[in-house]
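Here come two complexes built around chain A, the first alongside chain B, the second alongside chain C.
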Partner chain A sequence: MSEDIKQRITPIMHLVFEDKTIVFSEELTAHRIEKWNSVSNIIFIAAIEKEFNFKFNIMEIMSLKNVGDLIRTIQKKIV
Partner chain B sequence: MVLNSLYFLLFFPIVALLYFALPVKQRWKLLLAASLYFYCTFDYRFLALTGISIFSSFYFSLKSNESADENKKKLYLRLTIGINLLLLCVFKYYNFFIESAAQLFENIGLSFSPALLNFGLPIGISFYTFQIIGYAFDVYYGETKAEKNLGIYSLYILFFPKLIAGPIERSTNLLKQLNQEHHFDYARVTSGIKLMAWGLFKKICIADRLAYFTDALFNNPAENTGLKAIVGCYFFLFQIYADFSGYSDMAVGASRVFGFDIVKNFNHPLISQNLTEFWKRWHISLYAWFNEYLYNPISFSLRSWNKWGIVFTIFVTLTLSGLWHGAALTFIVYGFFHALGLSMEYLYAPYREKTKTMIPAFIYKYASILITFHFFLFTLIIFKSDSIAEVIQIISSFTEVSKSQIGIYLYHEKETEFVLSFVMIALLLVMEYWQRKTDNYLSFHLKLPSMVRYIVYSIFIIILVYFAVFMTNDFVYAQF
Partner chain C sequence: MSISSIKHNIYQLFIDSCKKHAKKEAIHINKRSYSYEEFLSIISGIKKQIRSAQKKQQLIGFISDEHINTYASIWAILSIGAGYVPLNKKHPLERIIDNIKDAELTSVLYSEESLLMHELKKALKGEVDFIKTETIVKAELDFTFTEPQALEIIYLLYTSGSTGKPKGVPITYQNVMALAQVHLLNPKYDFNAEDKFLQMFELTFDFSVLPTLFPFCAGASIYVVPQAGIMYLEVLETLMNHKITKAYLVPSVINYLQDYFHQIDLPQLKWTLFCGEALYEKAALGWQKCAPNSRVINTYGPTEACVYMTEYSLENNQLESFNGIISIGKTVDEMKAIVVDENLHELPKGEKGELLIFGAQTATKYWKNEEKSNESFVCIEYNNKQILAYKTGDICFQNEKGNIFYCDRKDHQIKINGFRIELGEIEYHAKNFCTQNNVAAFTSTNKIGVNTIVLCIEKLESDKQKLMTYLKGKLPAHMIPANIISVDQIPMNGNGKIDRPALNLKYQELNL
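This part shows the complex of A and B:
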């Protein structure tokens, strides 16, 4: 399932962070992507919610440390 | 006891020597005792008040950590935030709001005499209150475990190098390090002392020299018009940068001597190409705090408003960050203008990207730096002025430049200081440039023979003492 999630969020990352060279990795963090800032982060979160058709809660968002955490949170939400 | 006082120059080496003489496990106790003493040199009467902040946040965070009930965790978080914000509001903002209310009522014909509080301010209250609230959030979000040792936790809040003016330390950084063992490291200690010396130089040789001219302007704008007003405003930008980054260098350097890495508050802000970049480089710990604990939750909850949710959140966050500096309308307007600038930057990002492709890259880059620099300069006039009327008075006087003002005789009684101020600003910029090129900018001399090295140290000390301005000026940010 995580492979499917990865395939669906990678194009969102490319679009929101305006960089098609971003290579997906679970260790990826905002610090390593130039246009991943506090503004684009909200746009990214909203785009993921739309793609997977659910809503995050604030606790889930504030405890994310990297893309791996995001994948695991999405997995829990869509089972 | 401020960091640029002779008293501190005696206090610090004594604490450092005792620190390394003690067994490793006992050292935090000495730092706590030194920090309490440091606090009391400002006003010991507030110690009980700061104690309430420390003890309440310590206790509620422990309870939050122990509880599995989400509602109880929320309650403990709210109690910590409530108690600490209440104390901050009473001591820092009560007079401002009650006087503003009285003014408002007077305007509609209902006058009353407000009862004002004349307590003064506990030292560093804005900084430690935000650090405590950040800690409570970190415990609530599971970012950090609640500290079980009240002494270590108190040291985390009161650690003397950062008590007066930050940086606002995350628990994931300093608190973690306070629980680790730190051994004597010669290279670390000397690098910390050198950073402190450079910070002291920025404060007493650059910032305090520029203060001659900026104080003259902002204390009496009617007498300092035209070129004096223009030069005074530019000088204030460099003064506040040398002052605050000088303090931060001293705080980082002093912490490094003891073995701790605290966050850098500045990262070459004057070369920012836009405001978004500027706020990642200027007063980093404060704006990281606002971003983490205010901007992110609000913008997240308003994400259905799309871009207007982001704009609204920018205005709330930046205006409150302006108010954080003090209880005055000018600070609110300062924050508001930064919010306006950031919002425009966000809303017009596609047009800026288009412009970028239409003109040569180096022109775009330097034009962006100049625009950002001058926008910041404009907001600093608001920041420094006592009222909006004074801001208008100063800016409108820019056009009153007369031929007689041009030249080094702009300030007849202080020609030498005036010329020296430009030399000091140039030195600051050269050092900034050097620092961008290498992290070891204060270690260039290490490859020199030891004899030459000691000559370099001696020359630096002579220059420091000779060019220092001994006005016992406090750091600008110490008042917050």
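This part shows the complex of A and C:
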């Protein structure tokens, strides 16, 4: 399932962070992507919610420290 | 209050606090707490390092980062009666070098080796002493300090300049102590040793003066928000996890959190003071519900007026706003503000004009910039006295109750996340790159209601990416355009000036 999630969020990251060279990695953090900031994070979260048809709560969003956390949270929410 | 009655030594207040609260937590940074004793020990060590440089210096620079030594460096500089000049490590190398040269710094403190430090040392070899500060938590405590003169500079901050060169704003010890009278020493803010203050600002941002100086004078603790993550989330996490009691915020933080207000509960927060940009009624009222025991205070002030000089408390008030933006309220005790016409004549209440400010918190000039100083600092007659006032460039009006409302800018200065930006500075650098093309920078509100910068180039033929890379070498990150667009012709208004609203409309039509 995580492979499917990865396939679906990678193009979202390319689009939102305006960088097609971003290589997916579970260790990836906002710090390492130039255009991942407060504004793009709001857009990114909204795009993920639309793609997977659910809503994050603020505690879930705060707990996302890297892309790996995001994958695991999505997995929990879509089962 | 007369200026002469203002104590001008903030360091005395700090040292008194260190003696009284030696074992208490002073600062929490990078997941570690330091007591007042430990903090003063680090300050004492850095002070010794500065003294060993054996130079009488009016101003000392430091590389701003999230390191305990950086916060200690500020107090070490103040302990010798000098002024500090923060240098943002994320700014382009060229800009940092320009700031160092412009401020005529001969010493710059830094906490960690980095590529930036390597390049700075190489570029300024023989001109500047770069002093790597040490963290000594068990050094001999040095309670001594040099008494500064009231009119000596306590800090020099650089703000965006429309002609491509940042402007230095020198703030004096007297200016800061005037602010201390209306804030730190004001009973309504109830500074006490039990408080935990939020510190979310980069140290080149003037709002940082409040959490980096004042809480220490009351024996309180400050909690430094990590800068590496997503700021609004880091702020919320710090507020919740450390049960922060008093918070200084830029409105952008709560704008980002609006969709989640119903999930946020901060009962321990006693007040939230907003500054730096427009505070929207909807967001402020929502925040009030998240922090039901917190007073929400909106403040206003340019860097030239030492952080803030008007305040409006939502408490016990019928909320007053204009275009959805909450009033900036009335001037604090040490300051005055009047709304004037083009001839600097005071306008009646209700009429819009430029806000002119004066009083004990106001700077008197820009650093080594006579032309800009003469433009912005003007002599006016007020109550039959000649006084020096600062022209803010903000278009405001005052209502019958005396509350001031911000309406617009007179020029092309904008605010992004609280940072003051002159669009002219972006255009200046863009024009240097695209010498043959007309350029115009403007702001546009994106799909989630956030203001972003757009740069428009007439008939751009070169690579946008190359232009972007060039700008990144000249401008700090908050001034880099979110988008660059090319148009056949930049629209002009009837006065032959760039028609920025028309440009924005064109941009919205492009649906980027």
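Criterion: the second predicted complex is superposed on the first by the 79 of 79 C-alpha atoms of A that agree within 3 Å, B and C clash if a C-alpha of one lies under 4 Å from a C-alpha of the other, contacts with A are read in each partner's own complex, and residues count from 1 in each chain.
The definition used in the following text is that a contact is a pair of C-beta atoms (placed from the backbone, for glycine too) under 8 Å apart; a residue touches a chain by one contact, two chains touch by 3 or more.
Values in this document were obtained by computation on a predicted structure and should not be read as measured data.
Colleague: Kindly classify A:I58 by the partners it touches after superposition: chain B alone (first), chain C alone (second), both, or neither?
Modeller: A:I58 contacts both chain B and chain C.
Colleague: Identify the partner contact of A:A30: answer first if only chain B is touched, second if only chain C is, both if each is, neither if none is.
Modeller: A:A30 sits against chain C, while chain B stays out of touch.
Colleague: For A:I42, decide between first (touching chain B), second (touching chain C), both and neither.
Modeller: both
Colleague: Once chain A of both complexes is superposed, is A:K76 in touch with chain B (first), chain C (second), both, or neither?
Modeller: A:K76: touches no partner chain.
Colleague: For chain A, what residues appear in both contact lists, the one with chain B and the one with chain C?
Modeller: 37-39, 41-42, 46, 58-59, 61-62
Colleague: Using the touch definition up top, name the residues of chain A that touch chain C in the complex.
Modeller: 29-31, 36-39, 41-43, 46, 57-59, 61-62, 65
Colleague: Hey, which residues of chain C end up touching chain A in the complex?
Modeller: Interface residues on the chain C side: 228-233, 236-237, 252, 256-257, 260, 263-264, 417, 446-448, 450, 452.
Colleague: Taking the complex as given, what residues does chain B use to touch chain A?
Modeller: 141-143, 276, 291, 295-297, 299-301, 303-304, 306, 309-310, 346
Colleague: Would you mind writing out the residues of chain A in touch with chain B in their complex?
Modeller: The contact residues of chain A facing chain B are 37-39, 41-42, 45-46, 49, 56, 58-59, 61-63.
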